[in-house]
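Below: a set of structures, written as structure tokens.
In the two complexes that follow, chain A is the common piece, with chain B as its partner first and chain C second.
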Partner chain A sequence: MGGMNIFFESIGTLLTTPTYLVMMAAFTALGILFGALPGISVNMALILALPLTYSMDTETAMCVLLACYIGAMSGGLISAIMLNIPGTGSSITTTFDGNPMARQGRGGEAMGIGILTSFVGGTLSFILLLFVAPLIAKVALRFGPWEYFAIGVFSITMIVSVSGDSVVKGVLASLIGMAFAMTGADPVNGVSRYNFGFHALDGGIPTTALMCGMFAIPEMLKLVMNLDDTSIEVRQMEPLRGFGISLGDYLRRWKTILRAALIGTYVGILPGVGGSSASLLAYLTEKNRSKHPETFGQGEVDGLIASETSNNACVGGAMIPMLALGVPGSSTAAIVLSALTLHGVQCGPLAFSQDADIIYLIFAIMFVANFFMIAIERVMLNGYLRVLTLPRRIIMVMIMMVCFVGAFSARNNYTDVFVFILGGTAGFFLQKIGIGRAPIVMGYILSGIIESNLARALSISRGSFWAISSRPIAMAFIVLAVFSLVSSLYKSQKRARAQKTAS
Partner chain B sequence: MKVQEAKANMLAEGIIAVLAAGFYWETYHFAEDSSLNSFGAAFIPRLVGALVFIFALTLFFQARRVWKNAPDEERAKLAAGKSSKGALTRAFLFIALMLLAASLYEYLGFMLTMPWLMFGLFCLAEKPEKRRYGLYLILSAVSPVIVFFVFYYCFSLLLPVGVLKPILTYL
Partner chain C sequence: MKKIFAAAALVALCAATAWSAPKYPRMAITLNTHKAGTSVDTNARILARYLNKELKTNVIVNNTSSQLDAARTTMNAAPDGYTIGFVNNSAIIRDVVGATDFNTVEDMDIVATVTQGFASWIAIRAEDAKKWNVYTLKDLFAYCEQHPGELLISSQRNTNTGVAVSQLISAGLKVTPADVGSTGDRLTNFLAGTPQIFVGAYQYIRQYVQMGEVVCLASCSRVRSKYSPDVPCTFELGYEVTFPSVYYVMIPKGAPQEAIDTLSTAIKKICENPKYVKDLEKSAQEPFYQPYGEAAKYLADMKQNMISLGMGPGYQKK
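Then we have the complex of A and B:
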């Protein structure tokens, strides 16, 4: 059966199964809430949803996780517009024009346009995902271990190059992530490594517990150390009719919408480059192309559309390498990938032929959840604004409780709770010295892909590293990896020199 | 890099370098059978350990240079500074409380561990003069019970029952 047929069949299944519909609606709503709350990232929303899925079947669990992901990506716009605080990193550029609109008494209009354009951006990227991912998977079927090894290395260097000011710290972060992944049996010979006598670590450091710790504990520790949780005053929003913009007016901006959606999807595909870079790139592109660039930052509708379309389009983009190659494009995709693996879903090129039902069900869930997102966010907008006034410390303590459950229940292992606490504490201190969480998580996830494929490749080539030179695609990725590392090193050196001269 | 940042970096990168050396050294204790594969279980860990060590040392010396070039009075001020002592104490208490909860989780179970942990966290996350003990007590007592039953009835997940086993087995 063709892919499109399976896709439409999956949509039919989703729409006729009440459990799926209820779960998608509930978790889209929850995702929007977490996205809207400043300081609670999309990653944390996913980690909180994960323990709830442990006892669910694969299909329901996917509905929960993907709906939560899509909701959280869009929810960031609520606090960005009404509080001038981006709920998620990817909605930073939404504050540039969304908040000025709110200050001009056009908050309702900004919200309506933001919600509508989030939906459009998401839908356009899912359509691209539907067509592009199977093509990439088809090409990837010819990939051998050298290619996967090279893609893994390339992904790590990309993350390093965008992870902050210091390239050395970026490399160190991804290496620390890889070191975490070395615990347990090695992927080739099954030799036990770094378990220090704890048999609970024979299977490696538990991914869920480590992720829970890495994303939740640093936030709680920051709150405990700074005690800066002041209550937030939410701006009053005037009544909103429809989406605050007429259809004709919206469609007249089709070039902006399409450009932003393409930028968002493209940036999403690139490993390590997330929604924040996508929305900034789309925003700047729009500003540079505009006949009135001076209106950007003053409440320009095009700026808002560019930002929100691109950051939601990023979701579809990030799913392309994850589903087609089994290589996550971002730390959020890495969490989705590990959650899907936990539920027995194996992503990669073979999945398109062997588990086509599951892969196309994923596409269908994303497509349907996007409709839930627009409906729920529009209808419950005032409710979300009210929740934003809740003190953050109360929400964070509740999150810690759910993380305790999440860390323990993935394997029903009490040691995992210690991994959650110690991993999170290590993550906090590493963050304090400028070593980011995203490259650690990506290093941790990609380590397995790099090590097992390198071992397989070397055993095929009888231990010769030079065999890679006979694989043009692998060589291309290695060259790209070296180029991205060297260029980011050059840029950081240049920046440091400029700073020195200035001081 | 600021002087304060340099001081923290020196300490942290030093610790990371020592841990990386230990990580590398541990590879010699793997029970590896060399006949299994030419690519041994220790190859990547050794590479990672060595690279982490090199990068951590690079950052350590970078931070040390900033620290050494800083004016003496600034270094003395930082050495005597007690401004972050309260924050560090709260962080230490937070970690200690969490570890204590993790240690007692198996024996006390979810419903008896969470209330005091949550109450402690609420108190740690708020200035003493602004604490609302009544609200914290209610939230800490009620929410674990709700979460326990929501997980049990809605998601078929039985959270640790601990010493409450005789009562909760009636579920």
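Then we have the complex of A and C:
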């Protein structure tokens, strides 16, 4: 209970210290802006904020960084819903239902639900963090390379479920994504592969440039070629009241919310797996449980809730191994850990006793920043909706400018701009033949987890692949992966037969 | 007339300002380094903060995807003195084993070495220590002699840790190396029980040692570390297993000597600054200044030493 006392004292300190309040409000807003802009990743937002913290005391520095982190993670939903361009990797699944809702004239409802559910997901994971962080951290230790490999394989097979009607095209899309991920240094030996002599690709194809390109350029090309059949000039929208959903309607979905929050927190705990995997797993869990899975991808509220709840719950989850074990749960958490180190805070199992003040202050900052996030986004919501009423051609030009800058600035490398253009053009043509962008990008992201963990697992097992059979958690995921693939094939065959009968 | 006078005064003011302005640096300096969140990045940011003050200019940390990328970006930058790189000797290891197509020491100018740290400590879990009755490094050698190849030792190819593990194996430790990635990954896997032997930076296991969950057997160094004074070093135990991590600043070949000298002098002053020394303690590093000329020789000798140990291409695939 000592920890809870410190937590509540920290809340009190935060709420009664104007400097902390101002910093949290300002950097939450900045984080939301960065998260909303495609091409500017969460990591970039933190890297930009980090030097500002050098002259600050530890508490203020944490207010700045964590508020920025929370804002950026939530901000990704804005461009995902409004423009069908995910602002962050973990917002890819938000595009599946969020953007269709916007195209149906329900943009306000989508944004409101997204904001509310981001807040709820974050809050639930922070509560878990507060009460059971050191205990849950031990869970991360039960997952080794075989388990991560199996989760990666399972996630890849699940991607197929969101690939439309053709399982073959879904698998092909994932494989294309995985092929892109082979470029660059081998994760084990460090030898460059498939860079075609371009040393700028030694670090691999940059995620930000590829993701932005795959989503933004096809949208722009569709606009230019006038292939976008939905209304280009969006109807004038009424200002949204509340969050676009009644409390009763939202609470009726409590199981969806809880499941997504738990999945997001749990996946966030596993170092290296990430928010994109969390949101994908949560989304597909809901789709598979739904009585009407065919509505997912057409503007289904449950899909949006699952995606946004889980990706914000991942924020709290990623903090758990960082604070309790001293191992960052994500690349973003690594930056926060680096900042803590710079300010003399040593994370790890003794942190909860030796640096309890700072640790519980971190919990308190995340808790309070979450409230700033929902308040700022709600206040700005009607403003975002007004942006939708601008002609799409103007919005797209602005977005393309931001994307070009974002693609370059990730590594200050012109090659990344070419990757953005080429990747996007390839995405456009692949989409025309029915190969989706989301599976390509997800395949690309997951490939790193699969390859590096397989290499590590084989290193530990002295080259024996059958060692996986002695890992029950890994085997469970492999069995689920096989089941998922077979199930998708079966459903696809069933649909094809039904269509044939109908015609 | 008044206009001419005003114009002349303005020109004179500009000339005076230009005359009194420092010759170098006149604008911001870009410092290329490893990915954000890595220990190299942390050290780079600490250095950048002090360089800001010393040089009275902005030193902007630019994160790249790897140390080799940072070195290459620096090597290919304009040699105007406004782009520098900050890496550690892991970059040289990759050069030696043939994982690069350029020379990490010879193809650029080394401004100065900045810090060094004992890159690796050797540790086992307390429950394993009890099970095997292994409490010293000699005990571990003896145990592995009786159970050759049974124990796995965490490693990461083409890094300081990988070199330390290779040296341990060359010294007679009969273990099987398992490449399980970065220090964070090595720690997680080690705490879960496999690999059984951890090799990596002390700050990652410090708290576990304090809690009694981990037993630290030795630091891979010639002298004991002040961060673990009770832990013997490999040299005093009779094992030639020493591979410090050395961080250094590089600049493109052909950069103005003025820039190199100014930077080197600034780094020297920073290394003598007690606040900087205290900041380095957070990442278990200590100042290790060697000026231009000596730094390049030191790193070249280190590279030659690696080659003479047989660390050529394919070295760590054995």
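Just so we're on the same page, the second predicted complex is superposed on the first by the 275 of 503 C-alpha atoms of A that agree within 3 Å, B and C clash if a C-alpha of one lies under 4 Å from a C-alpha of the other, contacts with A are read in each partner's own complex, and residues count from 1 in each chain.
FYI, a contact is a pair of C-beta atoms (placed from the backbone, for glycine too) under 8 Å apart; a residue touches a chain by one contact, two chains touch by 3 or more.
Everything numeric here is computed off the predicted structure, so don't read it as measured data.
Chemist: A:337 contacts which: chain B (first), chain C (second), both, neither?
Modeler: Only chain C is touched by A:337; chain B is not.
Chemist: For A:145, is the partner it touches chain B (first), chain C (second), both, or none of the two (neither)?
Modeler: second
Chemist: Could you say whether A:51 touches chain B, chain C, both of them, or neither, answering first, second, both or neither?
Modeler: A:51 contacts both chain B and chain C.
Chemist: Using the touch definition from the top, say if A:189 reaches chain B (first), chain C (second), both or neither.
Modeler: both
Chemist: Where does A:417 make contact in the superposed view: on chain B (first), on chain C (second), on both, or on neither?
Modeler: Only chain B; A:417 stays clear of chain C.
Chemist: Kindly classify A:199 by the partners it touches after superposition: chain B alone (first), chain C alone (second), both, or neither?
Modeler: Only chain C; A:199 stays clear of chain B.
Chemist: What is the contact status of A:459 with respect to chain B (first) and chain C (second): first, second, both, or neither?
Modeler: It touches chain B and chain C both.
Chemist: For chain A, give the residues common to its interface with chain B and its interface with chain C.
Modeler: 51, 54, 188-189, 191-192, 455, 459, 462.
Chemist: Can you name the residues of chain B that touch chain A in the complex?
Modeler: 5, 8-9, 12-13, 16, 20, 23, 26-27, 30-33, 36-42, 44-45, 48-49, 51-52, 55-56, 58-59, 87-88, 90-91, 94-95, 98-99, 101-102, 105-106, 110, 114, 117-118, 121-122, 124-127, 139, 143-144, 147, 151, 155-157, 159-160
Chemist: In their complex, what parts of chain A are in touch with chain C?
Modeler: 43, 46-47, 50-51, 54, 140-145, 184-185, 187-192, 199, 202-204, 206, 271-272, 321, 325-328, 331, 333-335, 337-338, 341-342, 344, 346, 348-351, 411-412, 452, 455-456, 459-460, 462
Chemist: Going by the contact rule at the top, pick out the chain A residues touching chain B in the complex.
Modeler: Spelled out, the residues of chain A in touch with chain B are 51-56, 168-169, 171-172, 175-176, 178-179, 182, 186, 188-189, 191-194, 217, 220-221, 223-227, 229, 393-394, 396-398, 400-402, 404-405, 408-409, 414, 417-418, 420-421, 425, 429-430, 432-434, 447, 450-451, 454-455, 458-459, 462-463.
Chemist: List the residues on chain C that touch chain A in their complex, please.
Modeler: 35-38, 41-42, 45-46, 48-49, 61-66, 68-69, 72-73, 94, 99, 101, 152, 157-158, 176-181, 184-185, 187-189, 191-192, 194-195, 203-204, 206-208, 210-211, 213, 279, 282-283, 317
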